[in-house]
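Labels run A, B, C, D and E following the written order; every chain starts at residue 1.
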Amino acid sequence: MLQLFTIRRVKKATHQTVRLLIMVAITFFGLLFITFLIGRVVPIDPVLAVVGDKASPEVYQQARLAMGLDLPVWRQFFIYMGSVLHGDLGTSVLTAKPVLQDILRVFPATLELAVIATCIGIFVGIPLGVFSAVKRGSFLDHITRVIGLLGYSLPIFWLGLLALIVFYAKLDLLPGPGRIDVFYEDIVDPVTGIMLIDCIIAREWDIFWNALAHIIMPATLLGYYSMAYLSRMTRSFMIEQLRQEYILTARVKGVAEWRVIWGHALGNCAIPLITVVALSFGTLLEGSVLTETVFAWPGLGLYLTKSLLNADMNSVLGSTIVVGTIFLGVNLFSDFLYKVLDPRAR
Amino acid sequence: MSSTRRWQHWLLSDSPASPFQAAAGRTYLGLAEFLKNRLAVFGLLIIAALILIAFFAPYIAPCDPLVTNLVNRLQPLSAAHYFGTDEVGRDIFSRIVWGSRLTLYVIGLVAIIAAPVGIIIGTVSGYFGGLIDTILMRITDIFLAFPKLILALAFVAALGPGIENAVIAIAITSWPPYARIARGETITIRNGDFIKAIRLQGAGPIRIITGHIMPLCISSLIVRITLDMAGIILTAAGLGFLGLGAQPPSPEWGAMTSTGRAYIIDHWWLITMPGTAIFVVSLAFNLLGDGLREVLDPKSDN
Amino acid sequence: MNDSGHLLDVKDLTVSFPSPRGEVCAVKNVSFSLGHEKIGIVGESGSGKSVTGRAILRLLPPYAHIHATAITFQEKDLLSFSEQEMRRIRGRQISMVMQDPKYSLNPVRTVGEQIREAYTIHRKVPRRQARQQTLEMLTAVRIRNPEQVYRLYPHEVSGGMGQRIMIAMMLIPEPSLLIADEPTSALDVTVQLQVLAILDDLVTQRGMGLIFISHDLELVASFCDRIIIMYGGRIMEVVDAANLHQSTHPYTRGLLNCLPRIDGDKGKLSTLQRDASWLDADFSATAGGK
Amino acid sequence: MLQVDNLHVIFGHGLDLNHAVKNVSFTVGQGESFGLVGESGSGKSTVLNCIAGLINTWQGEIEIDGERLSHRRPKSFYRKVQMVFQDPYGSLHPRHTVDRTLKESVNIHHLGDANLRVVKVLGEVGLGPQFRFRYPHQLSGGQRQRVAIARALILEPEILLLDEPTSALDVSIQAEILNLLQDISKKRNLTSILVSHDLAVVSHMCDNILVMSQGATVEALSCDQLRSGDIKQRYTRQLLVASKGYDRAAIDQFQDY
Amino acid sequence: MRKLLFCAFVLMCFTAQFTEAATPKDTLVMAFKIDDIISLDPAEIFEFSGAEYTANTYDRLINYDVDKVSDIYGGVAESWTTSDDGLTFVFKIRPGITFASGNTLSAEDVVFSLKRVILLNKSPAFILSQFGFTPENIDKTIVKVDDNTVKLVIDKAYAPTFLLYCLTSTVGSVVDMKEVMAHEKDGDMGYNWLKTAYAGSGPYKLKSWKPSETLILDSNTKYWGHKSELKRVIIRHITESSTQRLLLEKGDIDIARNLGPDDIKGVAGNADIKIRSRAKGAIWYLGLNQKNKYLRLPQVRQAFKYLIDYKGMEQTILNGKATVHQSFLPEGFLGASAETPFTLDVAKAKALLKEVGLEKGFTVTMDTRNNEPTTSMALAIQATLAQAGIKLEIIPGEGKQTLTKYRARTHDIYIGRWGPDYMDPHTNADTFARNPDNSDGAKANPLAWRNAWDIPEMTKKTDAALLEKDTGKRAQMYMELQREHQQVSPFVIMFQEIEIMASRANVKGFVLGPAYDSNFYQYTTK
């Protein structure tokens, strides 16, 4: 009977996975559809965006035909979908390069920032949340709540600007905007695209330290927001879990308090927290739009903003699709982890 | 018995004599609970002040927020200009006062658009389940699959910058979480015996959803929306900051911050004042939301 | 079965909770003592029976106020114990089985792990040995395929099985006193009796004391040696199980009479008439254990 | 009055398939009180939910007054059949006063005289007017269950379905509710079906009893048969023994079903 | 807590060590808005910073003196002759020029480069094609005579300097044919490759380009002329004026190119920083759409010209970044008029409006790009118009969006900036004072057309000026044209742009020319 049970578990898991993949496929299709629609309703002449203001009428017409704008809309959608599925997101007007290539170039910078920020969120925010749930009403709890409240209320771009003024302009403690100092540009070959790792590979230690110093401010800033979010969520999850009967069971067994909290209660929080961390990671990707603008950080957010301001719709939609897909991927991954970690969801 | 006492007694009566007394008693208890949370009351006061300022803007603001005066530009704080003047000589205090209208406009409109859409989609989806649920939740998921700000950006790109478009973009991206919450609540409620009971009284789906399920979803939605208001203010400000939200010369706080950025080194007040305004208001909504959660949604923490 | 020494002595236990309308007394002046026997605490909801059980293990939330003249366990004064010392008592000396195994087992750990943890907290033994011990304990609570059950998660086991697992977990450190807080009320009646039989056997074999908390007067009467009947946080009376039906206390009588019986007549059931004066009577149940 | 024939209920499909009720048939006469007894998972509540129309996945025949019921019930059906649920805490809308809960039914069926009906039915279930505008959280468990009964009665049904109406209550309250139900059934000449796991309650309340286990019928008994111990099935006998309290020796004879 | 302290300590260590910034001795580090570069192909480049890139990395056929634009001298073309009928130009190619790739530059490369412009037909192609070069006739009109000689045949006898000035623009850049054709794909003449690559012979060569991020140039050691002093130029795209200023003040960069007026004021007292400026050709103007029933009235057009606070704007929001200028030819061009007949005169404007019964004013909209200083200028204009009762509604928009509207002629007023395409006066005359076809479907969309200004007479005058061979006479013709234009046109020409560059005090020798394609890096030292 128990063997049957195992087989059922496996079958159920397969079934669920297939279902999940179908769901993701549908979502992805919807995502494409929305981006396509957005691309169609822009009040900007897409041809003009390509050929510029001073182009002659012949040049204009030629570009228009090349872009397939004379075809019926539904055919344009299928062409669009087909090319996106082939990894062709069109060519950026701004950079004259395929959008995908651009994104692959700028994304590691964003990833670098988001990963470090998420780590700050996880390693500071979660313990903070746990402590404040355990010691509710204590000084630490109040601090955590204040941190959370500020994180939810301060405009990130404003805080970023102030940080820049204080730590760079006035105190001269940290380097200014950018990923590295300007004159270090283009010395290290982008292998992974992640500056810190590339410097290690190239053994350019000066540049490594320089890059590290540059990342401190934006990463801490983003990390602060992630921390605010995670500590708040952890706190409420922990309070919920500490109220559960099984916690009492553990105490009855004589389990030490730290193990009750960090083992039993946090173990159960881990599952919803995965979703929250995934969400927070996603929010960081979007939070980077503002942070990157403030810190002139050459990542996806800055790329997106520039494209927007220049009405470079291919890049805007391409980035949207890419970020949406990453978001989907992260969610899928968190769902997967959820299934692995939570025996009830298997 | 003093009259206050008598009122209290009437309100807290165990055997109310009319539906009005029952509702009043309930409200009184909720209010008493809420008033105990000093931070939340503080938040509420700020929001009330915001509304008053917005309403009486013409009387409060000493200057026209749009009239430029090149001679008087970039003046520091003074008795004539409490918050100084900006790069074309407009009075920043007046602009912030008038800007409160835009802030209210944005959050009000987003709440009016997003909340009903979210609650209707969520409750319908949750109550009926099956195919309807699948379709509605797919749509919701598609919108949720985009990071909020980026979807808003894409919409703004499509519709063109401007505060109306920013509102639409934010509203479009705000409803899915509400739908999710409403659906989740509905599913729990739907299986409750009291819904079975009302079905057994012969009530139809519309009556059940509007009369029995929605009122129960609303409290957690109100909490969520209040907390979201802070986020909406920040998003709107962020859009303004990127030059994609409210457009100059309108005194939107985010756009003001964005302009102020160019003068950050020598003229700190240009960015500090609107930034602080954004912060204070979104903090107020956060405090109020936290307080409301304690009153309306006792399940969650606190 | 009856030692001369008492296992547990509770004197004048009072537990109160703060509420918006002032302190609410959940338990007032409860005193009883217990030897190596099965004692039942019976009462309706809100009678304070569960709070009494938890107060002994000091498992009430921090805002609860607990007062007592004495809580003595094996001649040790539990009131003077620090939290650290209490932890050594819990599980190892006094254990507790709670009502619903669905909620009282950690949902993300296998039942085997959870039982093993209960064992290893109090004994430093190698993992293999702890596992072996766990399997033996599972066999002892009459689980036929312990190896497989060891790997199951709480949501995969039935209620009866879950409660047997709880019993295994609570008995594996071999405590000398077990508090069973409505251990079977979530179960079907036959399963309930089977679980009780297991509990009964193990308690008897190991010579433990048992406090059995329940709302089911008939069940307690047939299962325990003595019965403490509580109402409104006070002890109404303490009777030997065999003499229950001779009890004269109006509350006890009321409880007994309002039960429908298969062989009773189909007329109206008599209902319980509550009397406020019951709460004033100061009944002390220190006598006991003979 | 009520007839159930060859009732089958299947939930889910594929791997999650659950045959919850297997071929159950019984008849309840006018004014009769019928008991469904079984342990958890026996399908007794499922049968009740099928009759009430809360479950749509059943096959077989359900007839009331010789009329076959379909999966969709007309509004008039609810004036004939009403139900009381097990959990008094979950069956009342937490934001509605007693008054509103009761009036809702009157309004749905456009019966008029709402105030009068509410006061009358509250009196009938032994709740004074002071309870009328209370919210559920201001009521005790027994009082809530009385409100639930009042809600069922306000539409003046002919058939009352009772799903473990007292299992969440203390025994002293149980007695009061059972007495109330008995009174009302007699006074209104109600046909009732009582679902319970407690043999004593069923035997106290019912004329005929159907014992169920794992979705199937074990046996049908009259109340007198039960009292006299005229029981054919081992399962039923085991239930009977178990309901008499703890008996170490008897337990060893128990079998798993 | 201890962990936190430790982290803080480590942080402090890093920061103490790595804020000591100074740019390397042999590298010029510059902050500059370069997000307008969308291609590195000289046949396509048509933007300010792109032009500057070409100027420093490619050789052009002909150059002009940055201090005296009327002086033309040879670049790749060492010398030239013109036939008597003014239709044939023969250029002698300078010997001894090698491309950065090592290939020798010959007449073949020149012919290839010019033909390529015509054949690719990108935005700036009209600069050459207006001389009658077409894909069909280029084999006859652009001809290699021998390895050192190239002959061009044009369609009309224009003013002789017209062609020469056109060849000083980016389309006159010579590309390395061998290198380019090695990367040809599907007959694209290497276009897709050269868009992001380099094939020239200028003082600098391309090291790398990350669009809207950085542009890095290395010294071209094979350059034939004055070799660059500094080994490398790093240009970082930075939008924010305040950020550029911070970096400059900290010494993280050597030059900041886009400081706003207030930041310029801010650094003015700093001894480490010096400021230079140079008038550029770009012109700020208002375009009043003649399709609007109010704006088409001559009195209203005139009133607008009296309702601009030229001086006020120049001194405050533009502060040094622009100078009042009211004719369509920027200072420095042949025949440019420096007359400024208009000042803010509300009474006069009111009188003009009264003539047409509009003393109560009216409402018009203005499409405004949402950038600085455009927005501030719009606000200032709004304020002065209001004094005469004209209610101006500003419709802010992103650049491409307002442009789309402008080109569709659906605006009321457009506030714009126009930069000349080449150094001949015809470039601006062509767009401001010439409108051969005012119909909605017209092929050419000069600014006159965009504002629906139908001017058959003036168009003829403009064409005549183009054909005038005598330079002095031609200058006179343009002068008159401007004077008339000033009074009757629906263009309120307000300012000429000035480029201001702030650099560290040790930076010397940076050449700021009258156009972006005459800003040169090679003489710069530090």
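FYI, contacts are C-beta pairs under 8 Å (C-beta built on N, C-alpha and C of every residue); 3 or more make two chains touch, one makes a residue touch a chain.
This structure is a prediction, so every number in the text was calculated from the model and none was measured.
The minimum number of touch steps linking chain B to chain C comes to 2.
Comparing the CA-atom centres of all chains against that of chain D, the greatest distance is found for E. Among the chains present, the centre nearest to the common Cα mean is that of A. With respect to chain B, maximal separation of chain centres occurs for C (centres as means of Cα atoms).
Measuring from the averaged C-alpha position of chain B to that of chain E gives a distance of 47 Å. Centroids of chain A and chain E (each the mean of its C-alpha atoms) stand 39 Å apart. Chain E has its Cα centroid 90 Å from the Cα centroid of chain C. Shared interface positions of chain E, i.e. residues touching 2 or more other chains, are given as 240, 246, 398, 401. In chain D, no position touches at least two other chains.
The set of chain A residues touching two or more other chains comprises 43, 169, 308-309, 311. Of all residues in chain B, only 14-19, 21-22, 26, 192-194, 196-203, 207, 211-212, 215-216 touch chain D in the complex they form. Of all residues in chain A, those touching chain C in their complex are 2, 5, 244-246, 248-257, 264, 267-268, 270-271, 341-344. Residue ranges on chain B touching chain E, taken from their complex, read 66-71, 73-74, 87-88, 160-162, 243, 247-249, 259, 261-267. By the touch criterion stated above, chain D contacts chain C in their complex at residues 39-40, 141, 170-172, 174-176, 178-179, 182, 197, 199-201, 203-205, 223, 226-227, 238-240, 242-243, 245-248, 251-252, 254.
Remark: chain E residues 11-12, 14-19, 21, 23-24, 27, 29, 31, 35, 38-39, 46, 121-126, 129, 195-196, 207-208, 210-214, 216, 234, 236, 238-240, 243, 246-247, 249-250, 252-253, 398-401, 403-404, 407, 421, 443-445 touch chain A in the complex.
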